[in-house]
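Two complexes are shown next, each including chain A; its partner changes from chain B in the first to chain C in the second.
The block that comes next holds the complex of A and B.
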């Protein structure tokens, strides 16, 4: 138990270091501009008035470390600064985009686990046969396909040729739940990569577990097949997958940005892309901190859960 | 004996790869611009959003994706290889911590986010995009190198070399470096498909490319507005990207399994 506790403490420490690194990195990458930051950010309209306004809004006359400290101190209070483009607080941008993104992400995660585990178990039970070869090849092939290319093909088939689903979420506003048809394609596209990764891991873990001595022993005792599979083999097969779920979080965040751009969904990804296009640095910084810290926290959670289920598994911390 | 998956991967990846590498040679001179999003009129796949011939754009558009991905993968290893080798072979614990811990911390930042952050303040070109993608791949690549090298470094051969008084350089590069080559070749295949994904996605989001560039990902993005009138300008480049990444992954996996078995 003390081993677990000290491991958890070290893992929490790493999480804290990662959070601090995200904040530092976001600040450094966006503020370490060559030359005069205000001139660089003014971009296409470098009139002196705009440059002066940017310099004032971002306090560029003060030394960088003072600005970093002040900005970082505001973050826990939800004070992310104000937008250069509109003068509104960055937190209102985050609040606006939060709903659709949360809906997309939670729908995806809710479907990801049953679909991924289901496919993996199916393939493992039919190892070497047609169903397994089909699932294995498709999950391997689809695993690295960029969401935008896959999504555009789905739009062409299901929205354009067949006319079953709307091609984008344009005109539905932020209340997407009222228009479930508009959510089908985005969620399918978001699911593809994580499902493939999860199914492959569960399949491999399940095949190992089903070949293990304890499963053979349970069979000898006459424990029913379903109970051996789902009660004994599956929990052991899921552990490596749970650790990998953390990596899926990274993909999900990348995927959300792409899928929102592709289907014109007004979520955090769209807000981020607009801010990047407008060089609205405070908004980009705020969203990057939200995305980055979410990743760190979810990674931490996944590691702690995985460790709880399989304390003997080796994990870096 | 070739595995069916190997053949399948090679066939799927063959067409987009051939188009990407040979296309620019075959493309020829640009014809006069026609109206946007038309079909027919001497244009085999119609015209794109500014009235250029789609087939010509397809021929030209693969090279940037493939070259940027190759350059980024090579760059990532160029940094990861010495980092991983040094931290696996050093006997100073603090040096290993100093080299590897920052990478653990960096692993937590989503890769696309890092690229978008830089794109918000600079306008990276193709070379900049390659650098950025390489940068986000360094932490993971360095960990793979370190793990592979640590396994080799614990072999008796390395101890014998050291006792013989061979130089650090000969042990590290001459023996350990050569022995991890096979593992790294397999990892490079998988990494390349991941890099292809990232490069194409960044280009789709407009990072590292001109807004009217001849690039498959940019074509998908820019021609989306005409999807209902002229789907070919979107579907053809999208299919090529899907084939490139899908075939590449099947191929890398088949190669990986061959390695494991021998």
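The block that comes next holds the complex of A and C.
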């Protein structure tokens, strides 16, 4: 077990370095974008004098590395700095955006795992037969539909035509739990593609595992079919799926801009997009930290799961 | 960050464009909602859009969806930049004056104004009005507001508009009279009082985000930046209490989300819709479509100080290359009407007596030949910063090809577009929202103008502007403005090919939405006269 612990510690160190690299890269890229926060704020009235004044008020006239260092110095104290555009603390941006994003992500994952794994196992058990072909073709077809188009379609049918569900979450703010009906369509849109990819991975893994010598051996020993499937084959099939799941959760937590925009959900994706358009560098950096940490932690978790279920598997970096 | 492919197609990313800058965007004059495209000239305000008469009813709550500024939004009226900011600001605050449908200034908090003989000292009398905290609106509040706007540290947008005022010398004569001292004669000074963002706030510091105090028709209830702002009726409003009990502004940046929310009954008013949406729902009875005609000037700006456009024959040739109807149909989906190379169709002082310019490729070619600019190649700067920009650029490229001119389109970043095109390049896509013609000239066409994108710098033109501002008689002033516009029509740098409609949607029961009101004007996004049937 100590091997596992030192491995996890090494992974965490690596993760911290990765996060720092992400922040540096994001900072460099944001600085490289044409225009800065002053230009973005001046908008269609780019009076040079006004831009200079805004720049001075925002401290943008100081060298980039000074601004970066000062911002980084606040991090150990948990101070993410203040927004250039509004002067409010960056932490409030993250806190406000995180609630809706977390809610959507957890609901999606809670449904994704049983549905995705269930469909995958079902297809694998009925390999080549009608159920398998149905699951395989539907998942392939659904995967090909972009979220935006699928969302528009669902809204048109279920919200506008049938009137069963609200078309958007406009005006509900961050208090989405109080309006569960508004969550149905966004969660369905978010679920669709991950369910498809997860089900296909589980199906492929299961079929491989069921055809493996150790399953044949287990069968020869008279181990019951259910135990072979769920005790032996499924854990092996889960390994690639766990990593895919980690990527999906990561995708969900980093804010899914399309779904947020379509359903007017003020999550992290919206915050990020606005911040980039406004060249609000501290907010972008704060989000880079959050996203970097999320990615590292989730991938570490996925690798741990993979190690637990199938110790032979190679670790993903 | 890993991601599934974020499938933003073109229309989606266009819709996600959050910044509808107000001055760059909207406005309309004249003509009711049902006016036919192609009519020329515009009368004053049309009928209310949904005004099938009926006596206004009190009560109810109206939710209005706007594209907003996300989590950085503020209720500080002097920071207003976007449509949503201004709509909220005008519900909570007042200006001394505001623009009528023809963009002429009308008294608001100011009851009257009177210049001295030299047009440099203006006595402005305030009406009796109170702030939401019960304090009267006084001359000191006005001076405080203007000093705050012009604070050199703050860089508020309205600072440039207040430039003619010498605030050091201006003073309060009594509680409700202010004497403004100007740096030079300014016959159109009331335009300054109505300027974008020149709102009156009470003296002293206040926290605009948690408890803003203004004198506007609605009082503050709550505000969540980027999400919603809830306001309620101000019973003591000097212009009559609003009909609505409550008004909520919600933010939905995606156009399809605003339409869906409107169709699904989640909001009663949706601002800024696409022409295709309007066509799909117009006359279907489900929602009302309100078109604000002549909202936004659409043009190409030629830099008159550099090759090839320093030759006025080349500029005239470009005027003649444009097939304006094709541009309106293609780039604006027909939601607009053609322009005549002048800003401000339908506004006060617009020179509408000039002949409509038509495409004339033969003359264009001849002019280019005389200018020695055959086989001319130009780079046209554009950007997806505004609806129709890239489409118009592509259409114009094809039109120019027929006159032997090669146009290469260069698409730039939309976040810094307006800054990028100010000094570099030779020709670019350009648009502007409603403002008085005088303001358009002073901001863009004088030697000292700060946003002179056509680099139009002529001392005699500057002198004409000063002459107009020093002319007390309105008819004489109009004649001077006409002379200036004739010059611009003949050899200016703006190829104004059209004026776009600004499109709103309202739920069926909403009454009193003014259809003749340009954005930036008093009656646009004005909710104190709106009621629910």
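Here, the second predicted complex is superposed on the first by the 260 of 317 C-alpha atoms of A that agree within 3 Å, B and C clash if a C-alpha of one lies under 4 Å from a C-alpha of the other, contacts with A are read in each partner's own complex, and residues count from 1 in each chain.
FYI, a residue touches a chain if its C-beta (ideal position, glycine included) is under 8 Å from a C-beta of that chain, and two chains touch if they have at least 3 such contacts.
Not measured: the values here are computed from a predicted model.
Of the two partner chains placed around the shared chain by superposition, neither chain B nor chain C is touched by A:227. When the two complexes are overlaid on their common chain A, residue A:29 makes contact with chain B while staying clear of chain C.
Once the two complexes are laid over each other on the shared chain, residue contacts for A:160 go to chain B and to chain C alike.
The partner that reaches more residues of chain A, of the two candidates chain B and chain C, is C. Of the two partner chains placed by the overlay, chain B and chain C both lie in contact with A:258. Legend: residue contacts after superposition of the two complexes on their common chain; A:147 is shown touching both chain B and chain C. Once the two complexes are overlaid on the shared chain, A:51 sits against chain C while remaining clear of chain B.
Of the two partner chains placed around the shared chain by superposition, chain C is the only one that A:270 touches, whereas chain B remains out of contact.
In the superposition on chain A, A:279 makes contact with both chain B and chain C. Of the two partner chains placed around the shared chain by superposition, chain B and chain C are both touched by A:291. In the three-chain superposition model, chain A touches both chain B and chain C at residues 33, 40-41, 146-149, 152, 155, 160, 167, 250, 254, 257-258, 261, 273, 275, 277, 279-280, 291, 295. Across the complex, chain B meets chain A through its residues 5, 8, 12, 104-106, 108-114, 116-122, 193-194, 196-197, 200-201, 204-206, 217, 220-221, 224, 227-228, 231, 234-235, 237-239, 241-242, 245-250, 253.
Across the complex, chain A meets chain C through its residues 33-35, 39-51, 53-54, 57, 83, 85-86, 88, 92-93, 96-97, 146-149, 152, 155, 159-160, 163, 166-168, 170-171, 173-174, 193-194, 247-248, 250-251, 254, 256-258, 261-264, 266, 270-271, 273-275, 277-280, 291, 295. Every residue of chain A that touches chain B in the complex is listed here, in rising order: 14, 17-18, 21-22, 25-26, 29-30, 33, 37, 40-41, 137, 140-150, 152-153, 155-156, 160, 167, 250, 253-254, 257-258, 261, 272-273, 275-277, 279-281, 284, 288, 291-292, 295-296, 299, 316.
On the chain C side of its complex with chain A, the touching residues are 1-9, 12, 15-16, 18-19, 21, 23-24, 63, 65, 69-74, 81, 152-155, 157, 159-160, 224-228, 248, 250-254, 256-258, 260-261, 263-264, 266-267, 412-413, 415-416, 418-420, 422, 432, 450-451.
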